[in-house]
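Each structure below is given as structure tokens.
Two complexes come next, and they have one chain in common, chain A, joined by chain B in the first and chain C in the second.
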Partner chain A sequence: MTNRIDLHPTHSHGEFKLRAGKPLPFGATLVPGGVNFSVFSRYATACSLVLFKKHAAQPFAEIPFPREFRTGNVFSMILFDVDYENIEYGYRMDGPYDPENGHRFDKEKILLDPYAKLVSGRDVWGKEPDWNNIFPHRGQILADDFDWEDDCQLEIPFEDLVIYEMHVRGFTAHASAKVKHPGTFAAIRDKIPYLKDLGINCLELMPVHTFDEFENSKLSPVTGERLLNYWGYSNVGFFAPKAGFAATGKFGMQADELKNTIKTLHKNGIEVILDVVFNHTAEGNERGHYISYRGIDNKTYYMLTPEGYYYNFSGCGNTLNCNNPIVRNMILDCLRYWVTDYHVDGFRFDLAAILGRDQNGAPMSSPPLLETLAFDPILGKCKLIAEAWDAGGLYQVGSFPSWGRWAEWNGKYRDDLRKFLKGEPGLAGAVSQRIQGSPDLYQWEARENCASVNFITCHDGFTLMDMVSYNGKHNEANGENNSDGGNDNHSWNCGWEGPCDDKEVNRLRIRQIKNAAAMLLVSHGTPMILAGDEFGNTQYGNNNAYCQDNELSWLNWEQLSENAEIHNFFRQMIAFRKASPMLRYSSYAMNAAPDVEVSWHGTSAWNADWSGAARTVAFMCRRWQSDERRTVEPDIYVAMNMHWDAHGFELPGLDNGRRWHVFANTGMESPDDIVTPGNEILLDNQQYFMVGPRSVIVLVGK
Partner chain B sequence: MEVKTQMKGKVNVISLVGDLDSNTAPATEAEMSKQIVAGCCLALDLSKLRYISSAGLRVLLMIGKQLKTQGGRWAFCGLSDEIADIMEMTGFSGFFTVYPDLKTALDNLSANQE
Partner chain C sequence: MDLQYKMELNDGIARVTLAGSLDATNAGNFQEELKKLIGQKISKIVFMVKDLTYIASAGLRVMIFAKQRIGADVQVYLVGAQEAVLDVVKMSGLDTFMTIQKEFEG
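Let's turn to the complex of A and B:
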């Protein structure tokens, strides 16, 4: 209906034609004839819309919202005849400056719309900004009519996912990536054949929301290079994609480029999960600067101490007030937006334990935000993955409120597997739990197996190659005297700290990487691989590369040929997982009969050694006797010897005339370490297998 | 922004000259719409298009949809490397047939007509 009577101006301000807008939706929305602007502030006494011509130093207009344009605590206005692509907008708000009572209004500042769908100001990655810009992060207006054709969320079952965690820029920024537009959304498309060949069906993108790579930038004391906020765990705008990650960002087309990337990934069977950072913003603490929220409604958006200081549960200066009803709705609006407008398949929530704290910071038993997200209709088929801890000491792995919907980054999986891999004794019991999807953590709640996202490495910490090459972190280049980054790495350098020429050390490292890959990909739950681990990417011992926008953190694709045997091992293990439904076990809810009979073994069959000295453990998966699939699906037996000596393992007997065949044996040199699924090699000795020092074998009975 | 038209045989050649963005999009769309008649055959020559924005690409998409409902056909030619690249990365190129130059576009459009 284009002839509505409320589509005509009622007011004017100079040359501008206006009328009262619609309070919902928040943000700037294209409507027939103009743009509807709507912004919330509970405590502002006055508000004006500030307009700039694209990239202009000074605004060309400032339009106050008259009283009749405010409904409740929402200022809204329709501005007619707007050349919407060539303007940038912000708000100026007046109100009390009274920090003790939580208010920090400053009418000198021009503020970014919290709901801005496009943000300009850092359009080209790493381009030095004009530090005198009076409004550095500017809202822009987006036409949201992308043509998705028949694309929709893929809804791959959680247990079938193989997640690949990547930094959009780091994935292809290195010259060896050989892409047309390095470090961009568009370049991910160039790598789709690679990802498919590897067997990946889900990308987890590190933050792609608008952030400022120049936040806290400084020069490295080691290299003299400028250090940037490369990872981007510090939000400027929750609704806007990072322009600097788009080859078309300089034309303001980052939204279309990201949407097209997701659409193309979906066409190729690959889901997209976004890493979202709702625990804090880039505005910092009392000494921080004004971008948006603190000038729009400080008391609503942030958790404040009774004295009006910022709580710092994030370790980044401030804490978003997630369980305030306004902020809760903003987060919900934001996630719904990414699902409806970007067709995103799921989210990983950074420091998610914060989302369960009340407005004073106390953990709640049934946090309204988490419950809302668990039951939201639009997010109904999304993957929701929590990083179930925060920087304020709340650790909720196994106890994060889930309502059967939330999964967790399983930090205990990482720690137990790493300790076992490096040869610590007494971990057989813990490892058996981890490999079964951690029922000790999740069964009490009758959670689905999708509760556990299993990982040994992620962006935070050592890469897999570094985990087997360094005993300690080497973060000097970060300029914090090596005091940043975790110290509990559970890593082992295999006998020499860092790169070395010793053939034995290097062989052992490769074997340990293969051991890790084998364990990860036979574990129940959802495996997550850190991008580059499949070809031995190193960060030279830096376990916190958040500020390293350079070759230290970028994937070096030349390693793909140098470490072809690692890559092949990952690829075959992923293929094996996909070919083995028993490894993608869907439920261990207490009242449901389990689908798979999992038995535990030691060097003698049916007799696992759970003692404090054990460094070996083995398991077998098969269908139950009564299950007709038992005759179709091969039995699987995995023996893990993390001791420095070889050990003989007695193999459990098979029925129906089946015989054991070797799929993988990390104790063998390439190409005898692994075969393609279906081509397993018959064992001469069906009773006994000598597993080499620090080695894993995977057998199939068929 | 200027919209020029010229008949070459049975093909109507439309040339866009200048910048196509939210400022020029409405007038350009109106002007191009006039060229759409049932069963028409258009060649869109973009060799003089200096810049195209997101709103500009949407105009082309809208015209394409109108053309389809009228049983018309069209093809693009003369794209600069940069514009071709933008269209590729933002997914717009998937909706259009693109030829390197006007002659190839005319040859193909005419050949398909007979």
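Let's turn to the complex of A and C:
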């Protein structure tokens, strides 16, 4: 039975032996004796397979697909006896060039396969490309032989996650990271002990699919250094990992390195969520260049105006035509591939509101793509997280079509908490909703799963340290006259713009950071922390560091010792959350009795101040009287005083002889600001607690 | 630098000594050489790589091939690897299916 070959060549082209291929799956797939190439184009009149030896300037072969190798709109061919590890491939398509009708075929161009599993051309991060390369992003064929052993998706309940958002390169590129291969997937592995110690259990990786860091690169007006597309929210190949993020990228081993990183993270109880960017591609607008889709089937892949121009709901020049059935299937194939072949645990969809627009750009009530993803069997245990807005003005936080499956980045959580933190009055009501998982946004739909990803900071906008150090953004180094990046930062510099020597200002900043951490980690929903916030990482006021591949963005690990008290505070708060099942509660199921009794308080117990002047609010979580767990799990009381004066809070009474103990008090200096869970300190005064100016206390009743 | 290799078979132990650079240009020939082991009674394949300076993906695939095609029960050893080679093996996760040793201990 060994080496049985069922396929044999039926055609030839020069020295090449061929056979009509299988239309599915799309892409380049190893089959016995050869490789099956399959590519869709509805409007192409002719297609040929273009083959290069690895890194060669010119192709060594070009094989036209005979008519009988096309089925419907799919060109497919099996090429036998090919040295698949040493070739790069692309397609050349002929067809109409008629932009007014949406067609931009150009047979001079060699095009990347939209389904390429490996893409070469930017193998080493930041290495200046050969600008004369006739085919800069080349498909390669990936062998499917990674040994996952017993690894599988971790399926950690959504409400138990503590998400840590990171940029693969920025996490370890700085010399202070002290890793062998800075800025790579492999280096994440080296930092696993750190991540475990911090207590997070989910990494959300900013884009790791193939992108071109040299896209729109330019010189910084401030430093003169070259600015790169560092973040990578601009897709070249949806199916292929970014080679420049792999230490082994120069060997073409990026897929293995990423798989091995995910496998090792899983072994350590850490899930992996990928940030995916299906709203646009790196091909830009009418003036953009050809990489793939534009030359393969422009009219199918892009949303076009009636005149044939590109709609720009993404703010990046073009908009992927997500609710075209072909594109929808590509997205589905892509996500399934990352789940089956990379064991990814979930996805965060960049500008996801675009995925709910129809082919003319109008928002739909039941977008087929989002529904398909919600019900897909292979994605069935995946976390699906929407960034529920787009650059075209569609804002869907609380109304993103979810089918009970989609969660959202809760932008309202961020905005309300930030305003409350800086001391704006009248937010007690909004904050009470946010802390309970935003039932005002999500209850109506009776989502059973966690719907709200709570965050105060993310890659977009200020870091946490900058949120308390700057009133305004300082993006001059981006070279756009400080006009890029958001202006609605709801930040407060604590009395001085930027770094300062004033001890009081710096103490207040640290306290505000701890306040933010405390609120985030006691909130119902799923918390997300921006990497580096736990040790006070700064971007010097830049709130849109997308092009800053330098120390501005890279985490400086020396801050870990300088800001040890911030780090310790985060670490203990995460541990407290993990030890407190009542904080990880997040069901919005209609008609189901809530699991946790949440009561709201003010400076007097049972009497919250919901007025427009309020800058304080407190809450208590406990199990219901009839719930057996009430006697086992400590009660939790949190008082938040965002006023600049101290306020006394009357504490609600406890039953069963329990007494209040202090877990955290941000009004105290380290090391008296927080303890390890279980070691809370008994309060002398059980009736009353004086909460310092702009401070948060966390008490447990036990 | 080209690849030099030498293969010896003793008591079911195939000892493969590699020197130079195992990359796309020579991995194919080397794999053909390894195919000769298919069907023989082999319990261990020992890659002696003290003088191997470079390994590319094609080279690593050959080692995977050794494991998959010569026999599922065959134990694969990588002995005396230089740091650069060992790094690639580890980062790509291949260290889990071979035993890595400084000196062959059996």
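Rule of thumb we're sticking to: the second predicted complex is superposed on the first by the 694 of 702 C-alpha atoms of A that agree within 3 Å, B and C clash if a C-alpha of one lies under 4 Å from a C-alpha of the other, contacts with A are read in each partner's own complex, and residues count from 1 in each chain.
Keep in mind that, in the parts below, a residue touches a chain if its C-beta (ideal position, glycine included) is under 8 Å from a C-beta of that chain, and two chains touch if they have at least 3 such contacts.
Since this is a predicted model, take the numbers as computed values, not measurements.
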{"item": "Clash or fit (per the criteria above) of chain B with chain C on chain A", "value": "clash"}
{"item": "Partner chain(s) touched by A:Asp466 [first = chain B, second = chain C, both, neither]", "value": "neither"}
{"item": "First (chain B), second (chain C), both or neither touched by A:Tyr84", "value": "first"}
{"item": "Partner chain in contact with A:Lys54 - chain B first, chain C second, else both or neither", "value": "second"}
{"item": "Touching partner for A:Asn260 - first (chain B), second (chain C), both, neither", "value": "both"}
{"item": "Partner chain in contact with A:Glu565 - chain B first, chain C second, else both or neither", "value": "neither"}
{"item": "Footprint overlap on chain A, where chain B in one structure and chain C in the other make contact", "value": "83, 85-86, 143, 145-147, 180-181, 185-186, 246-248, 251-253, 256-257, 259-260, 263-264"}
{"item": "Of all residues in chain C, those that touch chain A in their complex", "value": "24, 27-28, 55-58, 60-61, 64, 68, 87-88, 90-94, 96-97"}
{"item": "Complex interface listing, chain B residues touching chain A", "value": "21-23, 53-55, 57-58, 61, 85-86, 89-92, 95"}
{"item": "List of chain A residues in touch with chain B within their complex", "value": "83-86, 143, 145-147, 180-181, 185-186, 246-248, 251-253, 256-257, 259-260, 263-264"}
{"item": "For the chain A and chain C complex, residues of the former touching the latter", "value": "54, 83, 85-86, 143, 145-147, 149, 180-181, 184-186, 189, 246-248, 251-253, 256-257, 259-260, 263-264"}
